[in-house]
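Next, two complexes with chain A in common: one pairs it with chain B, the other with chain C.
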Partner chain A sequence: MRRPRPLDAVSIVFAGFIFLVLLSQLSAHVLGQAVLSYQPKGSAALTQVQNISVILAVSAAALGLAFGGAVLLITKKRLTLEIDVYRANGLPATSALRLMLNYHPVRPLEWLVGAAAVAAVADSVFGLDAMIPLYLAACFGALLLGWVVFLTFSMFGRRGFEEGRGRVG
Partner chain B sequence: MDRTKVRGLFMMELTGHAPTVAICFAAMAFGGYVSSFLEYASYTAAAVSAEALPGLVPSVILVIMALMPAVFVALGMYALVSASSESLKYEIGVYYSQGIDGYAVIDAWTTLYGWIPTLGYGLGLVIYFGSTPAAFVQLQAVLADVASGLILVAGLPTFILIPRKLYDILDTSPYALVRSAD
Partner chain C sequence: MKAMAPVDDSAIISFDSVTKTYPTKSESVNALDAVSFKVERGAAVAIVGPSGSGKTTLLNMAAGLDFPSQGSVRVGGVLTSELEREPLQKFRNEMVGVVFQQFFLIDHLSVFQNVMVPLIPREIPSAEKSKRILDSIAKVGLADKADRLPSELSGGELQRVAIARGLVGDASVILADEPTGNLDSKRGSEIVGLLVAESRERRKTVLIATHDLRVLDRVDGVVYLEDGRLSKIEGRGVRNA
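Right after this comes the complex of A and B.
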């Protein structure tokens, strides 16, 4: 069985929030279509429903980014320990970064790409024209990769382990 | 079990988990605020569209939209607990070695990640209705139903999802192995 990685928990936030934002947009779309089919001039109700949908999607995206950021902060200790091991073994920052990127963000990115693909398909099938889930996916991806890059370089910018392989400076 | 020990455990956990609990509380308060805002907006939209749109399905969709923020928050909290699982497993091992039962620790965690965030959600509702008198006046007749319904919906995932995750952590920690050997 595959051993859980520290950043796996963030996959739930990424995929879950993209799906929920998509669901809220779909609900508003279905409701809007129903309003128009019952009463072609029901534009006041339609505008209100669309406004609610946008507010819901934007607030959910903000919540998703807040929770995603919180999960990444919680995992900081474990990731920094790992980077310290790379430093102590004399690896350069770029090699450590490559190892970190190859190992940690894989599963969250898989979930993210999967959720974004579903959002894009739903977008084209239902004619939603809703870009918020896709923008959210891009923000999540940038947040995740940015965090790993930031942690790696900030740890390598610290003092210590300068004496070479396996020696604490 | 000794009450002082349990109280000490709770205070220790509250101090140790303060940043995560504070994040959960703030997120849940934000979720409560957004929920009540959407409840008011969807109530207004339902009133506007009632003449244009008879039927049950639109009402169900509006209710779903109003309840979604609570589901968003419960999902985020689940992820926070999941991200902390390694340290929770470590903690439970240490507490068990000090003679504290695992289920007492679960009770403390449920309070931290269940009751406290649900209070935050209630606070969000109060802040919204307190700062928006128009919404309070318009929903006055149904306010008790709206508030209790929202808190119930926010509480259900919180009290089902989170304890389930906590028991999963308990069962997969070395504590379960030691306990089964006792």
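Right after this comes the complex of A and C.
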């Protein structure tokens, strides 16, 4: 069985938050429709529901970004070890980055495509403004890519392996 | 030590008054203190000493993974501390093959993919790369496990994968850090045999850091380290600088 890669778990967390935001918007949309069916002239109430929905969605997105960023930090040890293996074997930084993007679910961004597809479907079926989940997916994508690029080049910016490894034995 | 194939007189690795100091919060610690010796081309040499004696630091310097605070390290005539980034990468990739103490295998890559890593920057046709990788894996006796993940292998098999990766690049110098650590005597003996065979049969220079005294019967020469200082040199293939 394939062992999970460090960024697999992060991708799942990101996808979870995207669907949470989508769900909150969907719930608000359904609630708004219900309000309108009971009170045909309840546009003020509908606007209020929509405003609260946007606030909730943005809050969940911000929480997701903060939480996702924290989860990314947990992957640092395993990712830097992998980058160190490439560095110790004499690979240039660009080759190492290409490998990192190939071997981890960053380049395909499966979760981003999945979330975008679900958001688009929800948008067409329910007439929902699904842009917040899509923006969030784009932010997560940028965060993941930025993290891998940052780690790779910061590790390759070091000349030796003095910090830690040289002290053993 | 057994007298095996003759070694060249020319030194391929040269440590000249090498001192390595690591600053700590309260003081500086000397991992190596004015260590000097030369290893001849084609020799198999053990570096022996207790834990903390500086064996790994010495190997890391020969691999271009670490650099002396004072003194100099030359490998194949190259002064490692003067290499710029790109020549240093080329040096790490082509001149030395390293077998790390803790294997440093990438756990989500297969045995084949792990062994492939040193060949990635090489401009070799992919069919030739595949052949070299499979040959290297077969040499360490894991031909039937090329598509396995490290998590599916035993400690001895992981060590052999690490050795296959160290050998696949056909480097002139093979550096192995505690290759028999955590292995039983039979497996340990096999691993040392693989490394020494590279010296005997392919004229590679092999440096093995170990505290396993059984290794000493298999190599040409021995360098003894104690508290970061060179305490004794024995045998052939290694001499005082």
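Throughout what follows, the second predicted complex is superposed on the first by the 157 of 169 C-alpha atoms of A that agree within 3 Å, B and C clash if a C-alpha of one lies under 4 Å from a C-alpha of the other, contacts with A are read in each partner's own complex, and residues count from 1 in each chain.
To be clear about the criterion, contacts are C-beta pairs under 8 Å (C-beta built on N, C-alpha and C of every residue); 3 or more make two chains touch, one makes a residue touch a chain.
These numbers come from a predicted model, not from an experiment.
> Touch check for A:Tyr86: first (chain B), second (chain C), both, or neither?
Touch status of A:Tyr86: second partner only.
> Determine, under the contact definition given at the top, whether A:Ile55 touches first (chain B), second (chain C), both, or neither.
Once the two structures are laid over each other on A, A:Ile55 reaches chain B alone.
> Based on the superposed arrangement, let me know which partner A:Leu99 touches: chain B (first), chain C (second), both, or neither?
second
> After superposition on the shared chain, which partner residues are touched by A:Thr152: those of chain B (first), chain C (second), both, or neither?
neither
> In the overlay, answer first, second, both or neither for which of chain B and chain C A:Gly160 touches.
In the superposed model, A:Gly160 contacts chain C only, not chain B.
> Mind working out whether A:Gln25 is in touch with chain B, chain C, both or neither, as first, second, both or neither?
Neither partner.
> Give the label of whichever partner, chain B or chain C, reaches more residues of chain A.
Here the partner covering more residues of chain A is B.
> Please write out, lowest number first, the residues of chain A touched by both chain B and chain C across the two complexes.
4, 78.
> Spell out the part of chain C that touches chain A in their complex, as residue ranges.
Touching chain A from chain C are residues 20, 22, 31, 51-57, 60, 63, 65-67, 85-86, 88-94, 98, 100-101, 104-109, 117-118, 120-121, 149, 151, 165, 169, 177-178, 209.
> In their shared complex, at which residues does chain A touch chain C?
Within the complex, chain A touches chain C at residues 2-5, 78, 81-82, 84-92, 95, 99, 103, 159-162, 165-169.
> If we count contacts the way the header does, which residues on chain B are in touch with chain A in the complex?
20, 23, 27, 30-31, 34, 37-38, 41-42, 44-45, 48-49, 52-55, 57-58, 61-62, 64-65, 68-69, 71-73, 75-80, 82-86
> Under the stated contact criterion, what part of chain A meets chain B in this complex?
The contact residues of chain A facing chain B are 4, 6, 8-10, 12-13, 16-17, 20, 23-24, 27-28, 30-31, 34-35, 38-39, 42, 44-45, 48-49, 51-53, 55-56, 59-60, 63-64, 66-67, 70-71, 74-75, 78.
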